[in-house]
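Note that the chains take the letters A, B, C, D and E in the order they are written out, and that residue 1 is the start of every chain.
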Amino acid sequence: MVFTWLQLAIFLFLIGGLLFAGGPLILSAIIAPRAKGGDIGMPYECGMKPHGRAWNQFGISYYVYALLFLAFDVDVLYLFPVSVWYPHANGVEAFIEVAGFLSILALAIIYFWKKGVFTWPRKIS
Amino acid sequence: MQEVAYPVLTSLVFFPLLAAFGLFFFRGDNAVRIYSLVVSVIELALSYPLFAGFKLESAAFQFVERFSWVQKWGIEYYLGTDGISFLMVVLTIAVLPLCVLCSWTYITTRVKEFHFCLLFMTAACVGVFTALDLVLFYVFWEAMLIPMYLLIAVWGGPEKRYASLKFFLYTLAGSALLLVAIVAFRVAGGTFAIPELMEKTFSFGFQFWAFLALALAFAIKVPMFPFHTWLPAAHVQAPTAGSVILASVLLKMGTYGFLRFNLPLTPAASEYFAPAMIAISIAGIIYGGVVALGQDDVKKVIAYSSVGHMGFVTLGIFLFNMRGLEGALFQMLNHGITTGGLFMLIGVIYERSHSRDINDNLGLGKYMPGYMFFWGLFALSSFGFPGTNSFVGEILVFVGAFEHNPWVGALMVPGAMVAAAYMLRISLKLAWGRPSTWNNWSDINLREWTYLLVPAVFVLYIGLAPGLCFKVMDASLAKLSNDVQTKSKLVSIEDERPMEMAWNSLKNIVK
Amino acid sequence: MNVNPYLFLPELFQFLIIALLFVQTVGSEQMQEKVGVWLPIASAVGVLVAVVSVGQEGLVFNAAYRIDPLSQFFKAAIAVGFFVTVLNATRQPTLDKEKSSDYFLFLALSAWGLMLLASSVELITMYLALELSSYSLYAVIALRADSKGAAEAAIKYILFGAVATALALYGFSYILAGMHTTYLAELVQKTWTFEAAPMAVTGMALFLAGMFYKLALFPFHFWCPDVYEGASNETAAFVATLPKLGAVVILIRLAAMFKPGYDITTLLAVLGALSMTFGNLAALAQTDVKRILGYSSVAHAGYIMIGLVSGTPEGLAAASFYALAYVAMNLTCFWVVSRVAVDGRNLQLSDLDGLHKRAPALAFALAVGAFALVGLPPMAGFMGKLFLFSAGWNHGYNWLIIIAGINTAISIYYYLGLVRHAYTNDASDEVPMPDTSTFSYVGAAFLSILVLGLGLMPSDIFDFALQVGGIMP
Amino acid sequence: MSPLLMYQLVALGLLAIGLFGIVWRKSLVGMLISVELMLNGAGLSIVASTQLTEAGSATGQIAALFVMGLAAAEATLVLAIIVVVAKRLKSAETDAVSRLKG
Amino acid sequence: MSQIPVELVKLLIALAAIAAFVGLNGLVLVYLERKIAGHVQRRPGPFEVGPHGLLQPLADAVKLIGKQLFTPAGADKLLFWMAPVLSFFPVLLLFLPLPFGPTATGMEMNLGLLLILAFSGLNVLAICLAGWGSNNKWGILGAARGVAQSVAYEIPLLLSVLAIAFQTGSLNLSEIVQGQGGWPWQWNAFVQPLAFIIFFVSALGETNRAPFDLPEAESELTAGFHTEYSGMGFGMFFLAEYANMIVVCSVATALFLGGWQGPFFAGSWWFLLKVYVLLVVMIWLRWTYPRVRFDQLLNINWKWLMPLALLNLLITAFVTKLF
């Protein structure tokens, strides 16, 4: 068998979630009234007529934070396998290795902090 | 083996090189010129032990110096000279002071660099003629390109860019495969040392391709007929000294390569290709002559005549008999002297008329008798007038050709005739044409006398008493001719079909 | 885990440099600008350290990291290269002042990654080290102030680099599937013919693609000229040289597995032939000096393949030697380029006009570098080529050597162009004067001597390289 | 069809989609996404290769983790450079970044 | 082959139970929030439908279903409708590894914690799609904020969870619960109060709850990323948010508050009780504290939570190893 029970369960529950979410939507689509015309489709801007497109460029700082997340999040990911092993590993060695990893993460934070990445809003030159 | 207490050849190679760097301590154009002249004379003096110590009867390499250079690959610093290269070395060294003298007033810009190139050039050329290690040979072979390129590209005529590029590309393109061939010899023969490789016998298939790779490099350098197009361009654009070195020394390298490598290393293939080479040579002789006949630019005439003369040399080489080889080597020497002299003469007149067109230099016999004396002498020598040096070489080649095959000899005759025709045509115009352009040009001065007299003396000396030269070259040539005859029999052509071999290896690529 | 720290001296020292740079870059603004003072000295010491630690041997970190003559040879080469690039980059006209410590931090990191790469004998370790060095490089390229070209070069380099990495990873997975191990020591014992292990051989070909990308071998070369042109001169000097060393050392380790006649070896040979031909032909049409050098490096990557396909220790040694020579020659050229472009612009060929008069030492160094790249004796390039040819001849790929010979002839034209402009043309007055300081001359002289010395006295270095090639896994 | 082959077909599918995207996508971010697809496909292939053959499965898992981590780092860098490109070239489309040619 | 259906049946039962649990608790939470809000603001809250307005959530649900589903002009229709579905898509799965009681776990797995953390990440994607797809400036701004915030707060969250994992050496929630005792001083929250605080604050940020409800800040962005949603589309976001709150509080309970363990009568009720206490605290916070500014929000995360979490993890590693 290619799949384990766990994988099967994951699929099953995801499908369940899909149905749970989709069901009411479909129900709603069936029984709800369908009005047309007028300004029903106009994007909502508190009653004003929309000005320009919505898909504009916006503050670059958001991107920067996304970048930061990518940089850190995956590094943290490495700690999960480590965490399971950690209490069972012996010696100071394990601690030193983990401390090394964490201090590099910390250094990264210091670096960004010093470089003013956390200052909002920030002009990127 | 060492006859003299110190390394003669090394000093000949490296003295000009070191002296060239010494140039940078001089200021002022004249100081530079005088310094270079002194250096060139010292270089001449340094070559004295060569004359004193050279054993005439020996076919072996003399003045040998041998040190390991790159142990792992067996690359050595291996110098030596024998009857074949001895004359070339002497020629190279002798040409240097003449070059310095003949560009005394001709070169006025970047004088220091010019002389640097000259000295560098000399060092590399001596190296080429004395190197007995393939890699060392290649090193010198390529090293001489750069100064020559600069000589043409910096101090050349209006078309210098085109000419220098053409020169550089042609010659380097030829030598690219030379390197491959050298490597192949190393792998097949186990050493880079030429004397040891000469002892070995290679399979015919190998010889076939090796011959082609070598011959391409040398044929471009000679230049043989279809590869000759760089030569007129380079000659015409080069400054006088550049032309002289080009004609006297550089062209000899190609034929020297044939003698030194193709014949002893790939004898069977040489014999296989000999008819083709002879045909190309004859084509070159006739073609060079005919084209020269139609030129109005004096330098072009001499340049195309070089193609013809060098055709005699290659022809002599591939006749595979003693006369032919002697003639070829003689012709190499003579062409160096005569053509060098002619180019110097052109330089002399160019400094006065600032034109190389024959129509701008008419009727000088009356006003510049000294000049015309030299011109006449060299012109006669050029087409092999009896009593001049070229006659000896040409007649030997003729004899060899008739010995080889009367038809070959017969085909050479029109070549010789045409040579007389174009040389006489141009000389007549120069001497007795209607003087239209003469403008109080002075006759040649003392400096010019000096550097013209030297080749003139040799023209007559060799023409009248060639015996000494024969003694120098005979032992080596006899050995060479003997080797070729015996070794070419050792492998049979029919056993291997080189084209098929190449096709098979091609198929292996695609697989 | 008892690890002898002497084994890692070069790496440790490089790490120390990185740490210092880090302190500096997060330090106050005054601190940040003082990189140029101590870094050259430190990296010179790094060269010493690397040279001293040649001869160490050991196998550590679960046999994934091997210190042997090969690695130490390349570490020393990397240290030298780093030293020269640092010197070269001390004056950077196109870099914002406050970013200079960051710049050097990235450079040092990249060099460090390459040092690690030199010692990796396990595929995952290789991958990590390679990426460590690459990422720093990607970041550095864009650091050319307000340059559109630099941004473009960086995005191209990284995007296609990522594709190459992805391909390499697919290859890695197939090697795993076919050979079940990632240790070179075990991989080398397997049979690498296509008939015996189709999956693993396919995988290896793909894995090599990642290295080819670093090396700029033919189908993975397209970034090379663009990046050289876009990046600042000083950055390009780094990008053009050191990563090649890293790629070569890995290729040498991998190539030790293949014998001539294997499909994968033939593939290498064909790519090498295409690479040199394409690189040289494309370079003929260029007028930007850095683009010329870019295409020339594509061609040189092809030459190196000759040594790798020969399947002999001599071939591998020749490849090492050639890589070293290549770095020396290219650094020489880039040194001149950086000195001539005082304002950090991209040099056109015509900008070199009259260099022999304005800065004779630079012109001479350029001539040495260019002729060495051609392979003219007595420069390093000639000896390298000779060794490659000699080692490669008669091992089944003679046609490759002949193509290389022909390519040498083609390449003359554009290298000669560099020299021609420097020596035979006269300068126009608009072009700014090159840097003729003592520093610039001493550097040029040092590099020229290096190139000439490698050409005239290659014996010792080559013998060492041979010793390196002889003890392959 | 062995399970390994099935996994690798999926991985190859991802590779194909990624390559297609690299070629056809007009925006740099789109290209980045394509690259990520390829990298993740590689990760999948690696895990499958070790899990379903006799190679040590830990190797594959570690390798896949590294691939994820480095892919993320790569994405970070690419995005950062895209930001730079967008600032300097005023566009993040591929047409804009084709100045260097020749 | 006869066991396969048994496993399957178990799973199906778990699925049904969890679905019911989510639906029910969603309704309860809606009621609870409105009631607490009311009382915090000194008003009774919903009172009309049913006794004390108990049926109000049901009425709301019916109303939502009966409303028209419309797509704004110019919106990316596919993305627009994918978003609400996607926001709910993983929710049921998140409950699978939670140990409701000593035996009441959907499925035992050794990486349960990782599963929850991994799939809860999908929520960000839903926010992103919703904001981007609806062609509305408020929406897009909300989405940008939401993404920046969610991803930022995820890191301290992970780090604080890791502190527990380092301590216990397990990622299985049941094991972690069993490693704690019934009394409060045996809970992990007592051992690692800093981790607990970080976790809880980050959880608030993750679920976009006040004071970190920037993505849907009513007073600034109308409704943020779901401005354009009405009817059931909005309902799904709403439900997913509450479900996520429950998950987060459940995880907090399992990790820090001893899970189903209690001083006496250990069992599921302890678990539910602790979860609801946390939920009420969350709601309470919402109606008590003002919203932070966006830069403050991120500064709190990067300059406080992150370094603290790293430090905490380091100390944890140190203490576990050396004592």
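Here is the rule we use: a contact is a pair of C-beta atoms (placed from the backbone, for glycine too) under 8 Å apart; a residue touches a chain by one contact, two chains touch by 3 or more.
On a predicted model such as this, the values are computed, not experimentally measured, just so you know.
Trainee: Setting chain A aside with everything else in place, what contact-connected groups do the chains form?
Mentor: When chain A drops out of the picture, the chain contacts leave these groups behind: B, C, D | E.
Trainee: Which chains, if any, touch chain A and chain E both?
Mentor: Both chain A and chain E are touched by no common chain, going by the contact rule given at the top.
Trainee: When you average C-alpha coordinates per chain, which one falls nearest the overall C-alpha average? Tell me, please.
Mentor: Answer for the innermost chain: C.
Trainee: Based on the averaged CA atom positions, which chain is farthest from chain D?
Mentor: Relative to chain D, the chain whose C-alpha centre sits farthest away is B.
Trainee: When contacts are scored as defined above, which chain pair ends up with more C-beta pairs, C-D or A-C?
Mentor: Counting C-beta pairs in contact, C-D comes out ahead.
Trainee: In terms of CA centroid distance, which chain is the most far removed from chain C?
Mentor: Farthest from chain C by mean C-alpha position: E.
Trainee: Hey, how far is the Cα centre of chain B from the one of chain C, in Å?
Mentor: Centre separation, chain B to chain C: 42 Å.
Trainee: Hey, how far is the Cα centre of chain B from the one of chain D, in Å?
Mentor: About 62 Å, centre to centre.
Trainee: Where the centres are mean C-alpha positions, what is the separation of chain B from chain E, in Å?
Mentor: 92
Trainee: Just give me the whole-number Å value for how far the CA centre of chain D lies from that of chain E.
Mentor: The mean C-alpha positions of chain D and chain E differ by 31 Å.
Trainee: Among the residues of chain D, which ones contact at least 2 other chains?
Mentor: 62, 73, 80, 87 - these are the residues of chain D that touch more than one other chain.
Trainee: Quick check on chain C: which residues sit in contact with 2+ other chains?
Mentor: In chain C, no residue touches at least two other chains, as defined above.
Trainee: Among the residues of chain B, which ones contact at least 2 other chains?
Mentor: Not one residue of chain B touches more than one other chain, so the list is empty.
Trainee: If you go through all the chains, which pairs of them touch?
Mentor: The list of touching pairs comes to A-C, A-D, A-E, B-C, C-D.
Trainee: Tell me, which parts of chain E touch chain A in their complex?
Mentor: The touching residues are 7, 11-12, 15, 18-19, 22-23, 64-75, 81, 84-85, 87-93, 96, 106-107, 109, 114-115, 132, 134-141, 144-145, 147-148, 151-152, 154-155, 158-159, 162, 165-171, 222, 227-228, 231-233, 235-236, 240, 294-295, 298-299, 302-303, 306-307, 310, 313-314, 317-318, 320-322.
Trainee: In the complex of these two chains, what residues of chain B are touching chain C?
Mentor: Against chain C, chain B makes touches at 69-73, 75, 113, 135, 138-140, 142-143, 145-146, 149-150, 153-154, 160-161, 164-165, 168-169, 172-173, 175-177, 179-180, 182-184, 186-188, 505-506, 508-509, 511.
Trainee: Under the stated contact criterion, what part of chain D meets chain A in this complex?
Mentor: 3, 6, 61-62, 65, 68-69, 72-73, 75-76, 79-80, 83, 86-87
Trainee: Residue numbers of chain A touching chain E in their complex, please.
Mentor: 5-6, 8-10, 12-14, 16-18, 20-22, 24-25, 27-29, 31-35, 40-46, 50, 53-56, 58-59, 61-62, 65-66, 68-69, 72-73, 76-77, 79-80, 83-88, 92, 94-95, 98-99, 102-103, 105-106, 109, 112-113, 118, 120-121
Trainee: In their shared complex, at which residues does chain A touch chain D?
Mentor: Answer in residue numbers: 2, 57, 60, 63-64, 66-67, 70-71, 73-75, 77-78, 81, 124.
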